[in-house]
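One structure coming up, written as structure tokens, with questions to follow.
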Amino acid sequence: MVSPIYIIAILLGMAFMLGLLSKSGTRIAGILTSVSLALPVYISISWFIQILSGNADAITIFTAGSVPPFSINLVMGLEEAFFTSAINILGLLGFIYLSADLKKQGVRAMALYLVLIMGLNVVVMTRDIFNLFVFMEIVTIAVAGLIYLKNDNQSKEAGFKYLVAVGIISLFFLIGIGFFYFYGGTLNIDGFIAANSVVVKGATIAIFFIIISIILELKPFPANGWALDVYQAATPGVSALISSGTATASIFVLYKLLPLGSEIWLQILTVVGAVTFLGSNFLGISQKNTNRLLGYSSIGQVGLLMMVIGFMPQLGSAFKMIFFSVFISHFLAKAGLFWLSGIVKKESITDWGILRGSNIALFLFGIFLFALVGFPPFPSFYGKWQMVMELAGTGRFIWIVIILLGSFFEGLYLFRWLGYAIKGEKSNEEKLQIPWDKIVPPFIFGISLFIAAYYANSMSVYGNTINLIPLVFILLLFVIDFLPAYIKNTITIGAMVYYAVNLYPSISDDTLRVVFAAIFLIGGILTMIAGYSVKGKRKGFFPFAVMMYFGLIGLIEAENLFQFFFAWELMTLGSYILIIRGKFSMKHAFNYMLFSLGGAYLIFLGIAMSSFGNTSLDIGIIGLSTMPGWSYTLLAIGFLTKTAALGLHIWLPGAHAEAESDVSPMVSGILLKGGVFGLIVLFLAMGGEQAASHPLLYSLGWLGAITALGGNLLAVFQEDAKRLLAYSSVANLGYILFALAFMTNIGWLSALTYSINHFLFKTLLFLAIGGVVLRVKTHNMYEMGGLIKQMPWSFIAVLIGIITLAGIPPLSGYAGKWLFYNAVITKGWYFQGVLVFFAGTIAFLYCFKLIYSVFLGQPKDRFRKVKEAPIWYLIPQFILIIGIMIFSARPDLVLKPIGALLTQSSYFPSDSLSWENVTASTNLGYWSGYKIMLVIGVMFAVLLVWLMYMSRKTQKVKQFNIVYAGERPFTPETTHFSHNMFSHYYKALGFLSAPLATRFWNITNDITHRIADGSKRLYTGNGQTYLAVIMAYIIIIYLIMF
Amino acid sequence: MTNLFSIEYITIFTSFALLVLGLWGIISQKNIFKIIISFSIVNTSIHLLLVSLAYIRNRTAPIIDSAVDRVNAAEKVVDPVPHALVLTAIVIGIGITALMLSYAFTMYKQHKTLDINQYKSLKW
Amino acid sequence: MSLSNKNEQEKNIRVTEDKFLAPENRKHTVIGPGGEEIFVDPLNDYFCTEKPKVEKPYKGILEKFYNWARAESLWVLGYGTGCGSIELPPLFSPRFDAYRFGVAMRPTPRQSGVFIISGYLAVKTLKRVIRSYEQMQNPKYVIALGSCTINGGMYWDSYNTINRLDHYIPVDVYIAGCMPRPEAILSGFNRLKEKIKEGRAEGANEYIEKLEWYKANQKKIIKDWNMPDYNW
Amino acid sequence: MELVKKIGFVLLGLFIILNWGLIMSGIIRKIIARLGMRRGIKVFQPYINLIKNYSIRSQISHGVMFYLGPVFRLSGGIGIFLFMPLIHGSELWSNFSFTGDLILIAYFAFFGMLGMALGAGEGGHPYSAIGISRGLAQFTAIELPLTLAIISIAIQYNTLSISEIVAAQQGGIQNWTLVTNPFATVAAMISFLGAMGHSPFSVVMAPQEIPIGPPTEYHGTFLGILQTNRAILHVIEAVLYMNLFFGGATNWGILILKSFLVYFWSVFVGMVFPRFRVDQSIPWLLKLPVLIGIIAIALLII
Amino acid sequence: MSELLKQLKDQYKIFDITEVKSFQTFFSVDTAKLLPLVTSLKENSGYTVLVFITAVDWLEEDKFQLTYIVNNPEEKVDLGIRVFFKRDEPTMESIHHLWVHAATFQREIKEMYGIDFPGSPRVDEPFLLEGWDDIPPMRRDFDTKKYSEETFFPREGRESNDPATFMKLKLYPDE
């Protein structure tokens, strides 16, 4: 074991030694510096491992060979070892990253760098308050020197502001030290704590100055203008050091010094942290400058850490894990992002499209962002979860709201940025230059994130319940991303089949789960088959597709709320990436993410509220919630964002319409069912039939009905085929919501039938239309026409699809409608029912428009030679058609077991559907799918034969052989009646389709951004204002405290 | 009850006066050099404060020489630690000030102005 | 069929000189969605170029029965070609009440069996008449109203009014007069009925049998036909 | 054997309904003519027209859906017939009504419409598409009062089975829905006007404006099939309304009389009122008739 | 009115002035001066309406005449402007930029008389005659009877009488 003092010795010694080298010796200096940075890494890590494994105890190093107060002592305990390890690793990697810049500046810059790292180490280790001051000043000077590295106007300005601000702050620190010594008679922290038994008023003032200075060093909002300028102006490598390194050290100092203060400091810290987290992230939402944006995020994260420390007593034993998770995410991700920003060298986030030039960089970028926002499986997800749960346990919901709101704002700007990176414009001339020394550090940090994720998972209370195998599989898919698409597709399908086979026995006794598992997995396999038509490698598609599907399956498998939420977030993440792959998807995917994020946080809050007063996290506790009104409503709204209820639907049309042809069915036919499943879980937890008169259900019923009407009405006026289908999905989810809200046996049966049907026909329609779009390369229906001749199979698929959609007997759509009517009349929601029926008739309008405008009418010249949709699109379509046919002819095969389950379970014992062979009956009416199919089939066949006999001599004619009042049609384009087909309907009912929701969200968005933009002007750029704010901040905190 | 005009109070008041003066200067002065000077004043005021806090009536400076013998030093001299601290703080203060000045110099070289209001390219 | 034969056949069906070919009917290429070039020959691609076939009547009593039904259900194409069309509306008024003879107006040639040419035909109108006539289904009948359809009437020397309708489409019944009164038209309908019942009203088949002669006559004056020969 | 007998009676019923439909339309035309001081067509003119159309020698087709459209349409018409009980109390004349109830009939009406729409759509004629878009648009509004009425009577009789609804109305005129639930009857009868396509809701077929709308390209056998369907559909829809609101029928005579009177209601209104545009008819239908329907339900649930 | 004419006489050398009615005056002008003249009439003198354009074929004199009637809606007076040009050079400046509907008149004149108006929109498209392949039918050297007999299959046995002679013979056979 090497004594930690050698860390200081090596770094300091080398810093002095470098001064001896001549200016030309940069090469040697570089090597020497690297070596001298590597040794501390070894020392600190070995200490960390030894202490962690219990082989060594924390040691105190007494300098000058005597004990305090006559000497300065350094401590190397577990925490210190951890933080010094982090700092030293960062130092080493940061040096590798910065080496090119540093070499340009010569050996003195390297010496400065060494001094900085040394300073940070000492700041962490020292237990002497004055020593702390000295080394903090050293760090300040080193940082100020490194800011100068960039050597442009902005960095000078920022450096000056930094110096003045930090100088003033450290002077306050010095005042504090003076009082500290005056009243405590010692400079040793431990000594002071020991002597703290006689706390006098003067000591409080000392502690005030000391802690407030450290807080100010951590850049609390709004006294942090100088810090933002530094982040923006410094070289990204240096910004990384400041953000991850000095902030790490400072946060540890805060942690170290807190025992000095009284309990009230924890509360102050919480408030300060909360204000910082929320405020900084809020102001970040309208920020476009890359590094400044990272600065906002950085400050926000530190605010969150302050909150965590402030809640130390409440978090109890979970504190370590939470702190670790949040800290490590911030530490790794923020450094990584700053480094990437240095590689990309773009000032505005809108120019980050260039990042696509490198897969590895894009991958790392994504990882860092997801880690920051707190998506699973990254550590901050566990941290946030645990923190929220602990806070919920003590009923601190306001704080949870603040954390979630701040995270939401953070997600907002980070995902906007990600959107620009994945989809932003990019000029072809520019190439991303990635030297190895620049990419290695972020790469290592990226990998470390996964390791940290593993540890966070194992430290988390519920972490061991997460099934990690799918995640490993997803990682594996990343690794084999270089293979051609069809191999990966086969592997994926194989994995899903394997999973399905293994899953079935474990859930086979719960038909409800089986139904949804079938929708998710069979649907997944079918849509993946369509993926075979894609040539090339299709990079980055499969991991996320699998992620989405496993997320969905995870919902079904979830036994506790943690697993549920984990799966929910996984699904959101996967689907987001799938959606953003579309050509014009940037905006829509961003909307999707915002709504998903907002929804997820509402669910999170709902879960937290449910868990209040409950010991376990079983899904059932939702029903035991001590504040059911809140938790039900929050959870319901959260799930409704995924099912796109009217008002929350505005993300859906764009996201579904602009997605790739085979992604649309995934996200429409299948993904939406995730939300439905969530609602089912919620409603079951509410207690099934007993809760049927809950006012929430009544309003959800109305919402469902209005959604159905609005969605269909909007679909009618669309010219874009996929958008039409997307709005239709909105409406269909409205039906399902409505039927679920009945909370009766038949109502639920109807909802499940709808769900199955919607899966079948919407997947079918999206695949069919997707195949058409793939061939004709346009979404606009009026540009198509007459494609039945080129694409007869797609036509059949669409025909079956719309017959099912419209609920026309004999196909299975009718089953849903029939059950639905019985449910409406049984339940007594007549007017809502009529509204939904009206919506159903409106569905005819767009069904006709869809099939007519695309397949019938006048063929266009451009599409004279288009081929039938790829066979890989047709195969799943026809499997689905077979599914529809079976379900139509023998609905009892599916509905009987579901009905049995609903009836037998304690949830819906009464008023069930009774079966007599193939005839279903309620106490209102009866229906026999099999016989109807038979009767209609026979009749149709007879009539067809008759017609074929009667008109056996029929001349086949072409498109222009139509009666045109003695004229001939001019061109196909002018003869095809399709554009604005329902203008008369718009005249009559168009006012109902006014985009109120869009307008509302636009205004909300606008106002939020305006406020953020306006508040941002607080940071005037004037150093003096910043100082004034700092002083005002001190005074305000002082006034609050005393 | 000590006299308000005794040396320790005077130094403390002076240091606070200087502190306020310096802070006021930092906030109100537009010239960068004046800001740096104000900063130095604050620095000095705090040094003064530290020293005055260490002062114990009727004792001498903590220098062990013929006047103060080694044995009774603990009763005859003022607390030596703050003095040591002040020495260090002065050194550090000089370092910071020097760096500030060099920044100010290079800033002036480029913009030919010392008005801090002109350096607002970074904001919002 | 060999390629050259097919080309020849294609040539046969073209009646429009290049000079009079409408711009939208010229051969052109468009770019398909995949960037491929697609050659479009509008006359071939938009229109059916098949030759019509003679539809033989049934034999014996069945055809008689059918003819009776056809005669008793005369659906008139409501297309006022000349000034005589002003005489048609009174036909359906209470005073004359053509409905009682099974006569009714239909708005589309596809569903109509009787075409009333109500007076003079300018060349321009003739073009539309022929197109509409060809779109009617076999069997179909033509009633020519007024002297203009017989010999040009008062427009006998006009440069753009035809003189004899039966050179362009087969005519079943002429009703002379300038203009004939509705009574005369009713009488004409009855004559047509007799003709149909006797099985002599085979104008549709006659038109197809002598198609080349009719087409030659038509082509002589209609130069910008802009369609394949037969408008299905 | 049972099945063969059943099918035999079904076909017989279909034959009767078809003939009655043709004769009824002849009679109605005759009545209209007499109102207009004309002699009018022969009563059997619809038969002649039908035979004529089946006797057309040549035909053209625009494609598969064009060809199948009439089949769909006729299937729709006959399908409704098949699921409709005709004579109350008679097992043999109840067709296949045991396979589905009122909801089945309400939704099966769409089957024919969809087929027709597709067939006409493939014709490629813009007027067909215009007619269909008008028809569908107007249909959404027409169905709404009917739905309200259906829900109202479903609440009233607590069943969706047509046979049971008819059974509940037996025993004199005071038991008819017309008397017991007048608002539902009024709403449904307004909806009936639209379903029959006479003015004021005849803009779908507007012969002068968009040559007869959807079937503008249909002729010969195709048109014959459509006419056959029309004859069946008109009667069977009248029978549906008769069953729901006017006490059903206990024998063929009453069925013929009642269906004639129900159908004549639409003709009568059609003769008196001029035509609505689509954007006029939809708001109109969504105001008064819907209000009446809502009252019909509200009265029952209060 | 007379003042205007006087002014026009000075400015555009108009000649052959005929006052048909108190509100209607015709005069002739050189072909080259027509466009400035009508422009001035429209812009300065309030003749804002083009009533019509018509053509006369003076076969014997071997020239075409075009007549432009313009109207002053304020004073309710008309002016008829005649221009003449040779039959073998049937070209005239277009005035469609002054009155949009002039293009339609010009198109008809082009079709019926073969007088060209370069630059006039759609002037070469058929207006009434579809697929006309002969000399313009309104020219007096076009023999419409001959054309009809050659083209339209005259029915045998048709007699044509001069109505005046025929009726006189029929009603008053004695005279």
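Letters A, B, C, D and E mark the chains in the order given here, with residues in each chain numbered from 1 onward.
One rule holds for everything that comes next: a contact is a pair of C-beta atoms (placed from the backbone, for glycine too) under 8 Å apart; a residue touches a chain by one contact, two chains touch by 3 or more.
Everything numeric here is computed off the predicted structure, so don't read it as measured data.
A.B. asks: What chains do chain B and chain E have as common neighbours?
C.D. replies: Chains that touch both chain B and chain E, as defined above, do not exist here.
A.B. asks: Supply the minimal count of touching-chain steps required to go from chain A to chain E.
C.D. replies: 2
A.B. asks: Need the most distant chain from chain B, centre defined as the mean of C-alpha atoms.
C.D. replies: C
A.B. asks: Centre-to-centre on C-alpha atoms, which chain is most distant from chain A?
C.D. replies: Farthest by centroid: E.
A.B. asks: Just the chain pair, please, that has the highest number of C-beta contacts.
C.D. replies: Chains A-D share more contact pairs than any other pair.
A.B. asks: Per the centroid of Cα atoms for each chain, what is the distance between chain A and chain B, given in Å?
C.D. replies: Here the centre of chain B sits 51 Å away from the centre of chain A.
A.B. asks: Between chain C and chain E, what's the gap in Å when you average each chain's C-alpha atoms?
C.D. replies: The mean C-alpha positions of chain C and chain E differ by 37 Å.
A.B. asks: Taking each chain's centre as its mean C-alpha position, how far apart are chain D and chain E in Å?
C.D. replies: 62
A.B. asks: For chain B and chain D, what's the span in angstrom between their mean Cα positions?
C.D. replies: 100
A.B. asks: Residues of chain E that contact two or more other chains, please.
C.D. replies: none
A.B. asks: What positions in chain D touch 2 or more of the other chains?
C.D. replies: Residues 57-60, 211, 216-217, 220.
A.B. asks: If two chains touch, include that pair; go through all of them.
C.D. replies: A-B, A-C, A-D, C-D, C-E
A.B. asks: Considering only the defined contacts, which chain A positions touch chain D in the complex?
C.D. replies: 786, 788-789, 792, 799, 802-803, 806-809, 814, 817-818, 821-822, 824-825, 828, 830-831, 833-834, 837-838, 841-842, 844-845, 847-849, 851-852, 856-858, 919, 923-928, 931-932, 935-936, 939-940, 943-944, 947, 950-951, 953-957, 959-965, 975-978, 981-982, 984-985, 987-989
A.B. asks: Which part of chain A faces chain C closely enough to touch in the complex?
C.D. replies: Against chain C, chain A makes touches at 775-778, 861-866, 953, 955-961, 963, 965-972.
A.B. asks: Spell out the residues on chain D that touch chain A in their complex, using ranges where they run on.
C.D. replies: That would be residues 54, 57-65, 67-68, 70-72, 74-75, 78-79, 82-83, 96, 98-104, 107-108, 110-111, 113-114, 117-118, 121-126, 129-130, 132-134, 136-137, 139-141, 143-144, 147-148, 151, 154-155, 158-161, 211, 216-217, 220-222, 224-225, 277-279, 282-283, 286, 293-294, 297, 301 of chain D.
A.B. asks: Which residues, counting only chain A, touch chain B once they are in their complex?
C.D. replies: 130, 133-134, 137-138, 140-141, 144-145, 148, 153-154, 156-160, 163-164, 167-168, 171, 174-175, 177-179, 181-182, 187, 228-229, 232-233, 287, 1016-1017, 1019-1024, 1027-1028, 1031
A.B. asks: Provide the residue numbers of chain D that touch chain C in the complex, in ascending order.
C.D. replies: Interface residues on the chain D side: 33, 36-42, 45, 48-49, 51-52, 55-60, 207-208, 211-212, 215-220, 223.
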